[in-house]
Amino acid sequence: MDLLLRGITHRYGATEVLSGIDLAVSEGEIVCIIGPSGCGKSTLLRFIGGLERPDEGEVLLSGPVPSGSLNPLTYVFQDFALLPWRSVEANVSLVLEDHPLSAAEREEIVADVLERTGLSDFRKALPRQLSGGMKQRVAIARALSVRPAVMLMDEPLSALDSQTRELLMDDLVALWQRERFTACYVTHNLAEAVRLGHRIVVLSRRPGRIRTIVEIDRDLGAREAGDPKLDAVQRELWQLLRDEARAADREIADDVA
Amino acid sequence: MDLLLRGITHRYGATEVLSGIDLAVSEGEIVCIIGPSGCGKSTLLRFIGGLERPDEGEVLLSGPVPSGSLNPLTYVFQDFALLPWRSVEANVSLVLEDHPLSAAEREEIVADVLERTGLSDFRKALPRQLSGGMKQRVAIARALSVRPAVMLMDEPLSALDSQTRELLMDDLVALWQRERFTACYVTHNLAEAVRLGHRIVVLSRRPGRIRTIVEIDRDLGAREAGDPKLDAVQRELWQLLRDEARAADREIADDVA
Amino acid sequence: MTSLDQMSGGRATGESEASSETLRPVPYRGGGFRPVPIRLIGPLVFLAIIALWEAGSRSGVISNLVLPAPSEAFEAFSYLVESGQLWRHLSASLQRLVIGWTLGTALGIAVGLGIGLFSLARAGLLPLVSALFPIPKIALLPLFVIWFGIGEGSKVATILFGSFFPTVIATYGGVDNVDRTLVRMGQSFGLSWWSIVRKIILPGAMPAILSGCRISASIGIILLVAAEMIGAEYGVGAYILMAGSLFATDQLLAGVAILSVLGLIVSWLIGRLERWLLAWRG
Amino acid sequence: MTSLDQMSGGRATGESEASSETLRPVPYRGGGFRPVPIRLIGPLVFLAIIALWEAGSRSGVISNLVLPAPSEAFEAFSYLVESGQLWRHLSASLQRLVIGWTLGTALGIAVGLGIGLFSLARAGLLPLVSALFPIPKIALLPLFVIWFGIGEGSKVATILFGSFFPTVIATYGGVDNVDRTLVRMGQSFGLSWWSIVRKIILPGAMPAILSGCRISASIGIILLVAAEMIGAEYGVGAYILMAGSLFATDQLLAGVAILSVLGLIVSWLIGRLERWLLAWRG
Amino acid sequence: ATAFAADKITVGALRFTSHAPSFIAFERGYFADEGLEVSFEFFQAAQPMAVAIASGDVDFGITAISGGLINLAEKGAIKVVGGALQEEPGVDGQMILVSKAAFDAGLTSPAGLKGKSFGITQTGSSFHYIAHKIADKEGFDRSEITLRPLQKVGAIIGALKTAQIDAWAIVPHIAKPLAAGPEIESIGMVADYIPDYQVTTVFTSTANTKDKPDLVKRFLAAFSKGAADFNAALIDKTTTDEDAEALVQLLHKYVYNDQPYEKAAPSIRNGAMRVNEGAKLNMTSIADQLDWFKSEKLVPETVTMELLVDPSFVETN
């Protein structure tokens, strides 16, 4: 299933947030979206997932929904969005409960995804007992349980400390190598983008426009820290973003009463 | 002024957190302390700043306190620790108000540090109006205003997004080049450690012990992204930490009622 | 060892369904769960209720015994205004309210700070406060009369006691909730104990203290009626009690409406105070 | 442009002070601002107060008119127990409390959810609730008698009204405070509206609802006295009122102590409920 | 008449000697004789009794004419149908009391009440009426007597004992023991200021007077028999001592039942005031009271004697 964005433009009140975004995401591809703070990355992702509607433009799907997919467009959130009052397995089972599945089927799916994400030992744990990394793994297990066609990931690693981030990046790469999932991956982190993205979409400051799209044709599995080519891409991206990042950083929030 | 840690050992209840830490920090040196989550880095820093007392061992100072230093051991916190009800200048002035300074002197110091940190335009802003990067700059300005002999920095950049982190790392390097301040810099982030540390102290999992100390003799100003030597150090550190980081990540918190 | 790379079969093998190859928009599934203000509905509902009520009273559906017509209550109110009694009742009540509430709140903040800051005060006073808080002040009226007389003393005392306890609870809760890293920051910069209390703890607890004030003010207003049970010639509570004993339901409703408006005004005032003192919250 | 690299002169040029070259420990400046529980102090304070009071009463420093001795109040209580009246009063009050509070809380949660979820309900009902909340129930007693009779009706209604409003406010506040990303998560997984309300909104608002229950329960207990002003032969409130009208201060204190203990028990029960329902908070 | 289908009625009562006729009629079967199955509903104060009759919870009540009662009558809810307690020369009636402190300071006769404070339960209560009638008779302005509403008789007693109020007036069974104590003095009789004062009346719901006049008549008949027994035993003292004793014992079931008999009996005897024969109603006194309420704007001008009283059941004058 492919995704197609056409002329997405959006305003919140008087401030234009996104302006004329055209983008195609094809099956099996990870598209990273980077840009300075407040340029509308999260907003764009909400449009793609149908959680909000743009003022102008449209988000289109083409191709058949993979059979068995319970929720073709599935999010992974920055802050995990786990229900703190449900155990790990109940958090996963939550998103299956509204689908016509028997208790046994549900049970089986939950066991399967927890097994596959290495969380079987943590079935009964509550979110507060888990480290950030494990929480995000639970969120990924939950996303996998509905067999998504496209994963929409909004800075999934930025709430984690950098060592955990490294671990999870490895996991995501390994996951992609097996599953070849499609993903829109929003991040601030250029190292993540060059590590995980087949294409990297660079947005400008608000109103977000596409400044450039960088393609990295090195296989995900073959990307290593210290690879000069990737380092070069990363430096280049940083050159592009640096001034805008500084400007975004020095922005003073309007006094909302 | 030098710092000397001798045989620091500490327990919280039944869990031993730190065990036999010996360390010397000499003037003008940045010592980075890295280690997996929960290994006692922040606890160690609290001992150094005199906010807590270790069960065993002692933290000693040698050499004269630099004249004019109002607060020789000064913290920069991960979450900025700005008073949300005070403007930028009032947050800085807070730490001067208990010292015998005239209003004019205080005013002058505040203006001076804000000028030096590029915050003059933000004097009247409230913390909530500032981006994370600017908030941490205010915290640094506040720390500078008391003319510290040693800066104690507990993950000062880890609450920031990665682009802002890059910007602030550049700023810190530039600052050190001018001021040659002494610092204990706790971090999770190996890239930060190899960028900012003259020496890197690697702690083991809880109970934290010093596993190794890596010295990097390249000048701070000359360190650049993509430097193969630094990359090698970083990879080596990651090899050291990886398994422990994974183990720390998979730790389940005790059910505290 | 186990990690994401052990995953397999995450996506079902793609047997394409009946769906077309054509483009289709993503389904919208957001929105909701965020009530938006609708203007005019509030006043309209009020007006509608009053109009219906008036119509019911006039037509006799609502017996005069059960509920007087709003117009009658309004007439009673007009009479109060015209005869100048309103101001007399209001000023008597306001004076009691202001004195009792101010004293109760000030004492409450002081004791609450003590409980919030000192282990000994917490261990000694908190159980006492918890035990005394749920005592209905109205039950103590006979004792208050002995202790404070039937003059202003017992009335002010009733309101004072009523506003003291919620303020204590709110204040110490607020102190407990002040971000401890801010306190550690203060210590790490060598601020004195008193500076930390004044500049960090107190402003940090201010939101909780103010919401305690909101509660204690409405308790104070509610207690006006109980306070003015004894020996009060004037006062809104005394007026209501008189209306109740005469079964003058129109006056009763007028008096109750006055209290309700008084409550709204006080709550609005505290809202202003909050906006001013807590402007930093944005 | 401006950035940290413009700094200079951050440290004063190092004229070494009189201080020695020897090692010295870092000064300790932490600790405090975290009251720790001290065991036994609470009960000790209670005992001390009661002992002093008893001594004062016996020695005549505290006149019997001003305050009866604790032993007298305890005697009155013993008499209540022995004569079997305690249970009669308590059961009458408890019945009213349980029925009134349960109904009030249930209605309050329902209306609070409505206000929290629907724009129309919020716009229409919230101003109404805000206007009716501060009305002292005691003022409405005469009307309650007409509306609900002098039997259990008016007593239950008083408690019902008293617990309804705080529950509404707490519930809608709780709904407002449920993390919106959790709701968006639910929507993004295609959960139905009803599932989101049941599985996300309601548990998320539960802490606030429970603390609303705590408040409404203590209000219910406080209102017992007011509720039993009307035609109640039995009930703790009626007992207190009778004692008050006879100036039997020993019985009055015994009754007040019963209410206070009742309040502590109810608050403890709600604490248990919280620990059970909110175990996930740890 | 044995009751096949006795009419069930509820009678509101206070645990006061003034309600004795109802208790006697119940205990001695006079109600049953009239085919009435009576149950009592006890109140702490008179005012809620009127409201309870209006709300239909109670059928008959006996209390003083209060503002609340008149206002309920004005709303068409209740009607006075008979008289009960009346001040009568020669029988101990309500007494005017002052605190010892006020007495020592020279308040030794009701004429001195000008500028003094007077305890009342609530605005529009009989105490309020009495205070103003004293002012009228003594010739000073009503507003020169400061009224202190204290809600409850107990609170007034406390305030008087501690000299927080100067004066009060109350029925003899409460007044006598108080005046005997050290803190309070008696300075006069209410009867001197309000001749033939109809202190309490029998009242019922308007619906009863219209739809069940027969029921009202039967109630009043039984009540009158009780009143006759009461007057004979405790006022006129025409019965044997044993009979009087038996009556007091009967009343002790209802009045002062939380005290031992020895203590209660004198109080019961002290409290005896005449209850009108045949529940006769003194219309003059009632008209005077109504006029006073109107003049104080405590009740609307529109209330008439017809609205307040249904004189068709008993003898009036």
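Think of it as A, B, C, D and E in the order they're written, each chain with its own count starting at 1.
Quick note on the criterion: contacts are C-beta pairs under 8 Å (C-beta built on N, C-alpha and C of every residue); 3 or more make two chains touch, one makes a residue touch a chain.
Remember, it's a predicted structure, so these values are computed and weren't measured experimentally.
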| item | value |
| --- | --- |
| Most distant chain from chain A by Cα centroid | E |
| Two chains joined by the most C-beta pairs in contact, as defined above | C-D |
| Between chain B and chain C, centroid-to-centroid distance (C-alpha), Å | 44 |
| Length of the line joining the C-alpha centres of chain A and chain E, rounded to whole Å | 83 |
| Two or more partner chains touched - positions in chain A | 49, 51, 73, 128-129, 167, 255 |
| Two or more partner chains touched - positions in chain E | 51, 54, 154-155, 158, 162 |
| Contacts with two or more other chains, residues of chain C listed in rising order | 29-30, 65, 141-142, 146, 184, 187-188, 190, 241, 247, 282 |
| Interchain pairs in contact, sorted by label | A-B, A-C, A-D, B-C, B-D, C-D, C-E, D-E |
| Of all residues in chain D, those that touch chain B in their complex | 1-8, 10-12, 14-17, 19, 21-31, 275, 282 |
| Touching residues on chain E, where the partner in the complex is chain C | 47, 50-51, 54, 66-69, 71-72, 75-77, 121-125, 146-151, 154-155, 158-159, 162, 164-165, 298-299 |
| Residues of chain A that touch chain B when the two form their complex | 36-37, 122, 125, 128-131, 133-134, 158, 161-164, 166-167, 187-192, 225-226, 228, 231-232, 234-235, 238, 241-242, 245-246, 248-253, 255 |
| Contact set on chain E toward chain D in their complex | 41-44, 48, 51-52, 54-58, 152-155, 157-158, 162 |
| Chain D-facing residues of chain B, complex | 4, 46, 48-53, 58-69, 73, 115-120, 137, 140, 144, 147-149, 167-168, 170-175, 177-179, 181, 255-257 |
